[in-house]
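Take a look at the structures below.
The following pair of complexes shares a single chain, subunit A, combined with subunit B in the former and subunit C in the latter.
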Partner chain A sequence: MESIKNIIIESLKELNEELNIKELENPDENTKIYGEGGLLDSLALVTFITDLEEKIEDELGYRITLVNERAMSRFRSPFKDVKTLSLYIQELIKEENKDG
Partner chain B sequence: MVKDKVFVITGTRKGIGKSLSEYYLDKGNIVIGCSRGEGSINHKNYTHYTLDVSDEKAVVNMIRDVRKKFGRIDILLNNAGIASMNHIITTPYKTVDNIFKTNFYGTFLFTREVAKVMMKHKKGRIVNFATVATPLRLEGEAIYASSKAAIENFTEIMARELADFGITVNAVGPTPVPTDLIKNVPEEKINALLERQAIRRFGTFEDVVNVIDFFIDDKSDFITGQIVYLGGVVK
Partner chain C sequence: MSWLLEKFKTFGNKTAIIWNNKEYSYKNLYDKIQEFETLLEKDIKKGEVIAILGDYSFENIALFFYLYKNKNIIVPIISDKESEIKEKLKESYSDKALKINNGNIKIDTFPQTEKHNLIENLRQSQNAGLILFSSGSTGKPKAMLHNLDKMVDIYKNRKEKNINSLVFLTFDHIGGIDTLLRLLSIGGTITIPDDRTPETVSKYIEKYKVEVLPTTPTFLNLLLISGVYHKYDLSSLKIIAYGAEPMPENLLKKLKEIFPNVEFQQKFGTSETNAIKVKNKKDNELFLKIEDENIQYKIVDGELWIKSKTQVLGYLNAPMDSFTKDGWFKTGDLVEKTKDGYIRIIGRKKEVINVGGEKVLPSEVEAVILELPSVLDCMVYGEENPITGQMVVADVIINDDIDQKEAKKLIRKHCREKLDNYKVPTKINFVDKVNFGDRFKKIRRK
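Take a look at the complex of A and B:
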């Protein structure tokens, strides 16, 4: 869990090298990502998602696809904030492992 | 001239996809190809994946493998395609399902996965495969032409969505080119089709590659969202 959170924070920081948003300089659990009050616009979200998928594979060895139908139709977007997103990724990794 | 680029080409076991792979390999590029059947190209810079382009998991895995191994993808050619001639009244649902899965879903999946890799480098070229059957509204090809019409619209919108990432998306629309794809189409049907072109002859592999070479040229970074038909067919 901690490692997933760190990857998210790391990706946000990297992304911010281009975006230069003050609130993204030191992201934490509660940093809002996308949606109401979120710091990323849809273009930045696309880059962020690709980046995360890559890092999760390279650093943790899991191949997951962050965008799926369930994620997109959830009442609470999994991309809401750092905490929600790490829980969601944890869930995805569990699921992927189940079917081998 | 393109050289030292990493190409992903779909549908490389035979036909136009195979010729394209051999052509770009010959010029010193790396080609990663795929088809449902086993690969048929033997070259040190060629890698084959045996998969169906509409199988999401397999496509995701292939592109992630490619990213790991080569670090980038410069060019994607969404060539894999199937056709079927039939009157609408005698067209089984399953045929429609198959055609849309290979032609449209396949193009969608590869575009999505490869664009993710290209975005990082803020550069990329994607070429899709359309057909003159769409603008000519050919009877008997309703499903095939519609699946390719979907690809045309997809190309035009992807060009806009991916422009900010330095990725261009275009499509080539061949006239009939003698391959297995059209071998079961009756001769009189083909002749009637050729009659409707401005230049009345079969297309060749060279005609197709000529358009692709233009789209993927480094200098073509201001060319996107275009559908170029061969033989003088117009929309």
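Take a look at the complex of A and C:
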């Protein structure tokens, strides 16, 4: 769980080197990502997600797809904040393990 | 007899074709055409659809002109894949296929079938024909029927010139046929390389003092990346003519530094309309003006539409969707027009990436990425994305002197400075080579 959170925070920091959003300089688990009060617009979100998927594959060895029908139709967006996202990723990885 | 064959006769001992390290004169070519006539008289009837299997060779070129003289409908097929040949023979309604092997001609005859109306009409008009296939980078290749007599007549009354051009595009490609007819109608020499690698092409340029290289931006970039131009003496080159896809500005700049004495010319043509005479803008040949008495053009919603006197008679295996009822051909090329009447080709309509409703031209993004010295080549295309519909993806080849992480940052940063937000590549893949087809054009998809 910690490692996933760290990867998300790292990705946000890296992305922010391009975006230069003040609130994203030191993200933590409560940092809002997308949606109400979110710091990213949809374009930045797409970039963030591709970066994140790559990192998860590189560092944890899981190939997961973050955006799919299910993610889009959830009542609570998995991209709301760092904490919600890391829980969602954990869930995806667990499923991946089951299938594999 | 055709004016063209008369010309072959008068050009006599001038070199027409360099192939397989041997030089063939116009007399050799003329004699070979006669020889085929005697040899094939009984087997090949006027008006039949005849496939030539194989790429350029002295014999295949002679065969081409024999069939032209004999008013046949010619189908050049260069593939060596059995299934592709079969498919093309069928789609072109071929009666026979000719294949030359070590000087011997093998004739395959196929059962007679009812011909397409367009073929019947052409036969009745007693004209020779030519069937070419589109490259089929998207969907099934389209079989296009041309009136070969009309096509050849475009090259009539041109001034005799002693010029040696490499023939780069293939025997089954409108650009390749254009090189062939253009050079042989003026008494020039065509040099046929064994293959189309930068190495072989450079070797032939040096060895035979080739003056004209008609090619594509993709090939020219490969030539630079490979570095082989250092190894060979390419100083005989006077003209590099390019077309078939947009030329990135930065590539052109690099090329001009490396070949300061070469004149760069942009050409334009489509399989449907043939090569079109264009004038390049003096100080910037990325802009061109269509100056061709056979051509009318207009720009509709940014797309170039053309009406040509020598355009294709029709497709044999596809609907005429890309033509309007009154005969305009929608080229699919997106262009911008300057006040003084020049146009610039900026991309293909179907390659436009739609990011949440915003349109992105791959060539624009590619040009920006290519400004970076660490980037050797790149290709931009759209990939599906549930959030924005499509997203911008870049496949990039980088130098050894930079690592991928650094490169990714650098590319994104540079794009962000130069481009609107939605045009910045979301995903960057590092690759060894970009995807291009056998006609040396980038194929912008996965």
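Heads up, the rule we're going with is that the second predicted complex is superposed on the first by the 100 of 100 C-alpha atoms of A that agree within 3 Å, B and C clash if a C-alpha of one lies under 4 Å from a C-alpha of the other, contacts with A are read in each partner's own complex, and residues count from 1 in each chain.
In this section, a residue touches a chain if its C-beta (ideal position, glycine included) is under 8 Å from a C-beta of that chain, and two chains touch if they have at least 3 such contacts.
Note that this is a predicted model, so its numbers are computed, not measured.
In this superposed model built on subunit A, subunit B and subunit C take up the same space, so to speak, and clash. Looking at the shared chain after the overlay, A:57 reaches subunit B, while subunit C stays out of its contact range. When the two structures are aligned on the shared chain, A:2 is found in touch with neither subunit B nor subunit C.
Partner contacting the larger number of subunit A residues, of subunit B and subunit C: C. With both structures placed on the common chain, the touch criterion links A:46 to subunit B and to subunit C. In the superposed model, A:18 makes contact with subunit C only, not with subunit B. In the superposition on chain A, no contact is made by A:36 with either subunit B or subunit C. Clashing C-alpha atoms with subunit B appear in just one stretch of subunit C from the list 131-139, 149-157 or 257-265: 131-139. Residues common to the contacts of subunit A with subunit B and with subunit C across the two structures: 43, 46-47, 50. Contact residues on subunit A toward subunit B in their complex (touch as defined above): 43, 46-47, 50-51, 53-54, 57, 63, 65. Against subunit A, the residues of subunit C that register as touching in their complex are 355-356, 385-388, 391, 409, 412-413, 416, 421-422, 424, 426-427. Across the interface of their complex, subunit C is touched by residues 14, 17-18, 42-43, 45-47, 49-50, 67-69, 72 of subunit A. Here subunit B touches subunit A in the complex through residues 56, 60-61, 64, 67-68, 116, 119-120, 164, going by the rule given at the top.
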